[in-house]
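Okay, so chain A shows up in both of these, paired with chain B first and chain C after.
Up next, the complex of A and B:
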């Protein structure tokens, strides 16, 4: 077991290095000199070169990269050019909001998604399957920034049941969480359906039936447990991408999380903020994938024997 | 192809035709500002109403679709091209080249895709080419992985062995013998992914990274008019319906392609 997990963990190191490198390269290739944004239009060359020195923009790109990575290794991410606050502090402060939203979305999406997928698979080709399949593919096709606006219009502005935007408790969270959960629900239903169909024809299901095990028990234990693996992957991936900030949903609903923070950083060309957000977000994404891989190990004995991925 | 697949293809073909012939179908100027008819609800003169500058929404939806669809399709084809090249070279060369290419592919796939697309698109001044570059710099990786798998499978087949035996050089083998064998798979994969490209394109335009005003795209029409959603919801409804309907039809078409060719079974659209 340890070999499998150790291998996965060891692969993280070059991956994380690659991520910092790409992020650094991307942000440094950004057009528009942040120095001009900082000093404003009417400033003297002396001020410009002073600010340049302050933020370290006078050094070569390689030295800045080495500097940035060594900063990261000490657990620092630099300060925002604009607010002069430590980027890591802001990320830590906003992360619980993003986490809450992501958890909320998953709580709304997972149970109905799996249930619909299971029903569709067991009724394959029948009316229920068609309705569920049509419903889940439609959920995947609607852009979240549009469904979010419609939900905001209906529940926030017309019916006035929920606050249309802002950050706060459950009442504020409901609309963005539902918005996020819609495509996830569609994906989970589809994946559950496909993987249940894969399992249904397996010889061990036939054996279970031949042994006279009740059909409800076969569905609940034999089929669902074996069909779970791809479903866990999808849930993990979706959750990971919400954790790293649902940029669109948070921007629309004014939810004070990582996604909105990223977007603000991009608009203001606030390099330390952009780099910090992308690195934290991608690291979380990669780590959640690792957790999913480790979960496999426990759900699926076949992984334990082969010691490789799927 | 089932009935849904047929209906979806019909819709896609009509959208394509409307986009190609939009200057003949819509007799109004999509960017013409008319201060006498601001925020007009749907009427005979303006079937989908007008926006906050009095521009005809139907005309803008038609012209916007032209941009949204061509950007998505071109970006998908560009991803396919890059993916084919990388996949063919990586699979055929094997060894170190393969290791390096696949490490890059894994790296790109380890980024959350929308975040990476946003990251790439802020590198360039906003516009349709920027969106195309952003979409394809994210999208090529999954194509490369798929094609590489196909090449690895084909490598063992007798006809490639014969090609080696009669002394074909590497370029000839890759481009004359592998490429045609990989094309159908690559094209099917492109079809499968188009719904996703439409959605990401609209998200980038919504964020203001795509075509700049006054040019209309479906995504930018929604972001420009979202402030009026309470007083004039029709301004936001029609472009959203178009995005959803187009993405849905591509996804439905993708499903029937998937069923027919049995690839990419993870159940994800886009």
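Up next, the complex of A and C:
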């Protein structure tokens, strides 16, 4: 197991270098130029070249890339062209918000999602199944900018229960977290349903029934546990993508997370910010997938057995 | 994992989940404010509050509350004393002697001296600095040499004593005092700037009526009243700027009382104007700006005056203003906003599609689609499509290209387009600000003249106006220059936008100003 994790972590290093290279090349290939955003409406060629020099954009792309990688190796990510603040400080400040929102969304989405999926599977073809399927598909299909605005109008403007926007504790987090959780809830319910249905007809379930084990225990231990793998995968992927920020949700609710920060960096062509966010985001994505892989190891004996065989 | 997941658990599980959720909801309230503070909205996080680096309206609006210049604008757009209590003008407007008020202190407790003024100005001009605002002060004698790195000092700035500073210009420049009202000319404390380096933009220290108390980037910026402000403390205890990118969210926050003043988003304008609850709380200010359709006069097809005239006649801008724009502006006669113009503009082109068709018939056919460049702002894209449909009616094929702002500016600076849509907002309230950067041939491209318009007569008149000491003479020069420009049609001037805000009924003494630097935030109260 340790060897398995070590291998995965070791793979992260070349992966990150690959990512820095691709991101650097792509951001530089984008149309647009940060200098024009920095100089304002009235400038001269002299001012433009002065600012270009000041932010180091006058050097060739290869030299800038080498410079950036050496900066990274010292544990730095440079300063934003616009705010002059250290990118790493900003990411560190915003990450807890993003993490909180992602965890909140998952706490809201996972239990009801799995429960609904399980009920739908166990009542396959019946009324409850149809209602749950329709409900989960509609959750999946509703765009967050619409559900978010509706939730905000309902809880913020009409009921005056929750602050419509801002970053802060639980009460600020609820609306964006619910908004973000809705599509995830739909997906989890769908995947759980399919996965449970796959397991229900397996021979070992028949064996368990034949052995006279209580139906409730079969559902909880034999069916649900064996149906978990695809569900954990979906949760892992959703969670990892939330860790990279949820731009629309964060924008609607004025939530100060990584998503908005990255987006603003992209719009302004703030290269150090874009690079920093993508590197941190990729790392988190890979790490989150690693956690999912490790969870497989515990959930699925087949993974364990294959591991020891090797 | 529960051992039993029967109906009972399923029900109680779901039930307790919902109960927990409802309890959290009940414990919450939508309102959240610090008592005595006034709440404003920002669309996005201000990039920096360092006056040397600010180049956006948001940063400028907040900097005005934190800093002061030697002089400033009053509500009638007149230059009045600020840190300088008086000044003397000499050499026919080519030199200024400023006498600073005594006892004006920065938030760190140190007194403002003439040395700080010199340091602040040199910082803007420093060739190693990042400031893109050197044009604000480059009229000072010796500034250009300093910017080019050929001199170690700016010859035209002389500290006479602790409270007196002399500024000499290369040559008389009539709007110079206006330039000193701009954000870039605010006075900053030398010690703090040196100490904080690049962090000064996040931890600004100034002389203004407010100081930064807390800045949660992308979320909230809290300013606290400076009780020792030299003109007396502000009425409110502080200001909270909340960063709310989404318009509808901001409207919701306003309506539940979490914001006190809000710039009305375009689509909410008619609702607030007609609502019995809100209509008398709407304030408006005629903006010093011009929205225009520019032509690339340096290349075919629009190097041909006749084609520019045809486009000008083909579009009913009055109708667009009344319908699409909801009347949120005044129809423009020329580039200079109505508030600043003291002369008549002769014969701007009126909507006349038949004339446009006639001209197009007489001229060589435009064989390729006209490249119309716009930013990706949804309102701009809508306007571009309206213009496209007007031009199609007279037989011109227009292709719209949407670009992100910096790509758009880069394309315009290169002259890639045939036609473009943009606006110009005053830096200071002088017609010169709408003529020199936009039409003088020394400013082609990035300088502001994005139509690449060249007319020696216009150049000469603008320069004469800049040098004229006498207001009448100045207006005569600018008036003639504008009339020539309107005749030549490098632009079609569309409208001057009027800004509208809405405030809560308990907000007192609120005013909206045509230039953001005027509002120091000291008058508004509850």
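Keep this in mind: the second predicted complex is superposed on the first by the 291 of 310 C-alpha atoms of A that agree within 3 Å, B and C clash if a C-alpha of one lies under 4 Å from a C-alpha of the other, contacts with A are read in each partner's own complex, and residues count from 1 in each chain.
The working rule: a contact is a pair of C-beta atoms (placed from the backbone, for glycine too) under 8 Å apart; a residue touches a chain by one contact, two chains touch by 3 or more.
All of these numbers come straight from a predicted model, not from anything done at the bench.
Student: Could you check whether chain B and chain C clash or fit when both are placed on chain A?
Tutor: clash
Student: Just to be sure I read the superposition right, which of the two partners does A:166 touch: chain B = first, chain C = second, or both, or neither?
Tutor: In the superposition, A:166 touches chain C alone.
Student: Given the touch rule stated above, what does A:230 touch, chain B (first), chain C (second), both, or neither?
Tutor: first
Student: Touching A:129, do we find chain B (first), chain C (second), both, or neither?
Tutor: Touch status of A:129: no partner.
Student: Where does A:19 make contact in the superposed view: on chain B (first), on chain C (second), on both, or on neither?
Tutor: After superposition on chain A, A:19 lies in contact with chain B alone.
Student: Which partner does A:300 reach: the first (chain B), the second (chain C), both, or neither?
Tutor: neither
Student: For the overlaid complexes, name the partner, chain B or chain C, with more touching residues on chain A.
Tutor: C
Student: Which partner does A:285 contact after superposing on A: first (chain B), second (chain C), both, neither?
Tutor: In the superposed model, A:285 contacts chain B only, not chain C.
Student: First (chain B), second (chain C), both or neither: which does A:220 touch?
Tutor: second
Student: Could you say whether A:191 touches chain B, chain C, both of them, or neither, answering first, second, both or neither?
Tutor: After superposing on A, A:191 lies in contact with chain B but is clear of chain C.
Student: A:76 in the overlay: touching chain B, chain C, both, or neither? Say first, second, both or neither.
Tutor: neither
Student: Enumerate the residues of chain A that count as touching chain B in its complex and touching chain C in the other.
Tutor: The answer is residues 31, 149, 152-153, 157, 251-252 of chain A.
Student: Which of the residues in chain A end up touching chain B in this complex?
Tutor: 14-15, 18-19, 22-23, 26-27, 29-31, 137-138, 140-146, 149-150, 152-153, 157-158, 187, 190-191, 193-195, 230, 234, 240-241, 244-245, 247-248, 251-252, 262-263, 266, 274, 278, 281-282, 285-286, 289
Student: Contact residues on chain B for chain A in the complex?
Tutor: The touching residues are 103, 106-107, 110-112, 114-115, 118-120, 122-125, 195, 199, 202-203, 206-207, 219, 222-223, 226, 229-230, 233, 236, 240, 243-245, 247-248, 251-252, 255, 265-270.
Student: Tell me, which parts of chain A touch chain C in their complex?
Tutor: 31-48, 50-51, 54-55, 79, 82-85, 90, 93-94, 111-112, 115, 118-119, 149, 152-153, 155-157, 159-167, 170-171, 174, 216-217, 219-221, 224-225, 251-254, 256, 260-261, 264, 267-269
Student: Could you please specify the touching residues of chain C with respect to chain A in the complex?
Tutor: 1-6, 10, 13-14, 17, 24-32, 44-45, 47-48, 50, 53, 55, 127-130, 132-135, 147-148, 198-199, 201-202, 216-220, 242-246, 248-249, 252-253, 255-256, 258, 403-407, 409-410, 413, 424, 427, 437, 443, 446-448
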